[in-house]
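Two complexes are shown next, each including subunit A; its partner changes from subunit B in the first to subunit C in the second.
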Partner chain A sequence: MKGMRVRAGRFRLYAAVAEGGFRRYATYRIATAAGVFTNTAFGLILAYTYIALWDERPGLGGYDQAQAVTFVWLGQGLLTVMALMGGGFEGELIERIRTGDIAVDLYRPADLQAWWLASDLGRALFQLLGRGIVPMAVGALVFDLALPADPLRWLAFLLAVALGALVSFGLRFLVALCAFWLLDGAGITQVVMLAGTFFSGMLLPLNVFPGALGDLARALPWSALLQVPADVFLGTHTGLGLLRTYAFQLGWAAALLTAGRLLQAAATRRVVVQGG
Partner chain B sequence: METVGTTDLIELEGVEKVFDVRKKTGFLRRERHQVRAVDGISFTVPRGEMVGYIGPNGAGKSTTIKMLTGILTPSGGRLRVAGIVPSRERTRLAQRIGVVFGQRTTLWWDLPLIDSYRLVHRMYRIPDARFRENLDRCVELLELGALLDVPVRQLSLGQRMRGDIAAALLHDPEVLYLDEPTIGLDVISKAKVRGFLRDLNTQSGTTVLLTTHDLTDIEQLCERVMVIDHGRLMYDGPLAGLHEVGESERTLVVDLERELPPMEIESARVVKVEGPRQWLAFPAAQSAAPLVARIAARYPMADLSVREPDIEAVIAKMYAEKATS
Partner chain C sequence: MADLTKTRAGQAGQPGRAGPPGQEGTGRLAQVRSGLRAYRLISAMWIRSLMAYRLSFVMSALGNFAVTAFDFAAILLMFSQVDRLGGYALAEVAFLYGASCTAFGLADLALGSMDRLGRRVRDGTLDTLLVRPAPVLAQVAADRFGLHRLGRLTQGALVLTYALVVLDIDWAPLKVLMVPLMLVSGAGIFAAVFMAGAAFQFVAQDAAEVQNAFTYGGTTLLQYPPTVFAKDLVRGVTFVLPLAFVNWLPALYVLGRPYPLDLPVWTAFAPPPVAVACLALAGLAWRAGLRSYRSTGS
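Up next is the complex of A and B:
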């Protein structure tokens, strides 16, 4: 009985944190508008590049031209949701670790990982609505996109996006916690961001890469951020295949979040004993 | 097990904190040495007391506070707050203490002040009625009414500090730790913060441990002061006694109507002359009023101000005396 009340209380706390995460990004309207403009401009450039590429090599990676262009716009729509180029909570957390403000977070009766996860999911939801919809709509107006007719597939896509956001958080939480040992998190952030840009499929869809590199790229957690949701959207995974896809995302999310918990425990121990 | 019968809310017995510091002495070569940030400190603070905890930079003040909140584990000694061992039950203790770090904020930077309070409401699971009541009281006493809808990043330092103090009090903590609560504030903001803390202590009986560089904070708020330096407790007693022990001096800055040779006044000596302005040093324990009266009777005085002794100077003097005795 008491346990349930406590859990309900925790849920309300993290719901409030997520709501705050959503609203802090919603405050910056001009930044959002500028971001939408950039995403749209980049989307146009990339779309024409892909059209040129698919004209030369029709059916590359198993996509037809409409699917390839759709992939571009999905990438632009999910770029900030998955914080592929940074811009999530990680910069702030690294800064708090560097300045020692993390001490304030530690004495509060709340879990560090759950707190940042809630706040980052709030942010991701805002980015999906604020920066995902408009570029996608522009893309659909200018190009012939392969949009799903089945509303269930849209739902399946949203679920894949939600799971991708979990994986994205799990990756960035690990990176941010490294600041406890490295003091400066800039280097590792850059390396991971570069890896993320490539291995998520942001540069080119991962299914165009043949052989071992392709297999590796598709097995790494970054593919859960863009490649997997895009394939769900394009209808590549259906039925049992769809469940397998979700299991792949869930598996990475669980592994990364667990690793984050362990690293957090080690970091807390270090701060508590060493004073950070 | 909570101790029954004692009224001591904070108990420290021989508490130590030793840090391992690694220093690079060459390529891949590192030297390790230990820093004793807190070196065997013992004191108790009874419920309802307001105590000043002072000392120069790096004396071990913040390290002590961090151990009292449970975010640092002591290397040795015994430490209890409200019957709880902080490092072992940090989260349970958090429900009973409030912390304000003057140079850090718990408030949510981009969002209106009220949003941070809503989070505190959920985080400490404060009953709704209780939360309303406490918030209303804090808003009234700390004059936050007009600020609730302002994003924290737009608040002035003094406003933000008042906001932080309110955030630390909404869950009715029994103990409040304040680490430099008036640092960087202007005179009016300092007065507001001090007035609020005084009322909080007398009316709600909240136990307060106050760390500061500003002796005026201590003078106006605390009957008891503890001085720490090099990780050791140098003094624990009333503020007046500190001045006696340290033989500290206050300074009277007198602006005369014209340039004059150094004034001759009993129980004070001129330490500096600059045009019509003269600096007189006199024992800190002595009242300035008769001194001023004597000067006014004999010299053409235009203006004056009193400077409090520098805490660092007082401590330095105490330290020197301990070494020689």
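Up next is the complex of A and C:
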């Protein structure tokens, strides 16, 4: 009985943290509008380059032209959701580790990882609504997009996005914790951001990558952030294939979150608080 | 700790600078000279401050190089699947890419820090720049001068060199002259975009990201041949925001390729006057923005 009450209290706490994360980003409306404008501009430019590419090689990577253009707009819509170019919680956590404020966080009666996860999921939800919908709508107005007619596929896509957000958090939490050892997290943040841009499909859909590079890219966790949700949206995975896709995302999420826990335990054991 | 050192360096750099001459009669030229001098001194100070963390500098320069190299990696990946894109071969696209990135890299190195202006307007620290005896434009442009942006410039220059080596061009003297002319004018046009973007931030503040659509978006657009894009988009970047003069028109002249929108061939020689006009307009916009500035008052 008592255990259940504690659990319900925990849930309320993290729900409040997530809501805070959502609201925090929702506050800056003009910045959001500016971001939407920029995402849309990039979407337009990239869409034309993809059209040129698929004009030259129709059916490249198993996509038709409409699917390829849809992929561009999905990429622009999910760019901030998955924090592919940074801009999530990690900069803040690194700064707290660097300054020593992390000591205060470790005192709190809440788990470090769960706290930041909740906050980051709140942020991701806002970015999905605030920065995902408008570029997609503009894309659909200007181009012929392959939008799913089946409402179930939209739901399947949302689930893939949610799992992708977990993987994205798992990756960035590991990066942030490296600051316990490195203090300056700028270098590793940049390296991981580069890997994320390259291997998520943001640069070019992974099914266009040649041979072994493509196989490697599809096996790495970054593919769970954009390539996998986009493929679910475009209807590449259905039935058993869809379940396998979810399992792939879940597997990476579990592995990364577990690694995050272990690293967190190691870090808090060895932590010498900065700034004293 | 890093910030503290930087602030100290900032204060130390200040008294060394001589104020501009008090008399009004020295004219525009003296003003420009004092602006350039201030720019040189402030950026030199930031470079010294950056060099205090040399490893960090090398890493961020390499990172800057790699981020931009990815754009070219995307083009290489595309060409691993096709031989032509919009009717252009890899070497030709590399030429466009190299020209766009080098011109942008020059402008970004000189003025890239100007996108921090919105933050200064928001937190009121622009006030400190206003009371210093040096042109505000020079101070804002040199603020936190980022030498690591050499990474982008180097990457663009390497791709341009590659293209020039690989391309089979019938080099007439005018074509040879066109290459440096294109890079300098292109940098001028992008510099105008940076300045106009900074002027916009006086009004927009939080909307700093909008200018990325024109700066980074602009250079991305110009990396591809104009045949890839819809006519209306090409019209827009020719007649409204004249980015087409950065590299498309002069580069197509060098490559001997047909012009977009049936433009006459002499437009290849238009970039220098277009750059001057853009800079003049951006200067006016900057002045209007600066005049409209109201401090946060806190």
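Everything below uses one rule, namely that the second predicted complex is superposed on the first by the 271 of 276 C-alpha atoms of A that agree within 3 Å, B and C clash if a C-alpha of one lies under 4 Å from a C-alpha of the other, contacts with A are read in each partner's own complex, and residues count from 1 in each chain.
Operating definition for what follows: contacts are C-beta pairs under 8 Å (C-beta built on N, C-alpha and C of every residue); 3 or more make two chains touch, one makes a residue touch a chain.
The model shown is predicted, which means the values in this text are computed figures rather than measured ones.
Asks: Contact-wise, after the overlay, does A:186 reach subunit B, subunit C, both or neither (first, second, both, neither)?
Replies: A:186 contacts subunit C only, not subunit B.
Asks: Quick check on the superposed pair: does A:259 touch subunit B, subunit C, both, or neither? Answer first, second, both or neither.
Replies: neither
Asks: Tell me which partner A:114 touches in the superposition: subunit B (first), subunit C (second), both or neither.
Replies: In the superposed model, A:114 contacts neither subunit B nor subunit C.
Asks: Residues of subunit A touched: more by subunit B or subunit C?
Replies: With both complexes superposed on chain A, more residues of subunit A are touched by C.
Asks: For A:209, using the defined touch cut-off, is the partner it touches subunit B, subunit C, both, or neither? Pick first, second, both or neither.
Replies: Once the two structures are laid over each other on A, A:209 reaches subunit C alone.
Asks: For A:20 in the superposed arrangement: first (subunit B), second (subunit C), both or neither?
Replies: Touch status of A:20: first partner only.
Asks: Regarding the shared-chain residue A:38, is it in contact with subunit B (first), subunit C (second), both, or neither?
Replies: The second partner, subunit C, only.
Asks: Quick one: is A:52 in contact with subunit B, with subunit C, with both, or with neither? Answer first, second, both or neither.
Replies: second
Asks: Share the list of subunit A residues that count as touching for subunit B in one structure and for subunit C in the other.
Replies: 28
Asks: Enumerate the contact residues on subunit A facing subunit B in the complex.
Replies: The touching residues are 9, 12-13, 16-17, 20, 23-24, 27-28, 100-101, 103-104, 106-110, 271-275.
Asks: State the interface residues of subunit C toward subunit A in the complex, per the touch definition above.
Replies: Residues of subunit C touching subunit A: 56, 59-60, 63, 66-67, 70, 73-74, 77-78, 80-86, 204-210, 212-214, 217, 220-221, 224, 227-230, 233.
Asks: Please name which positions on subunit B make contact with subunit A in the complex.
Replies: 17, 19-20, 37, 63, 66, 69-73, 87, 90-91, 94-95, 99, 101, 104-106, 108-111, 115, 118-119, 122-125, 151
Asks: Could you pull out which subunit A residues touch subunit C in their complex?
Replies: 28, 30-31, 33-35, 37-38, 40-42, 44-46, 48-49, 51-53, 56-57, 60, 184, 186-187, 190-191, 194, 197-198, 203-204, 208-210
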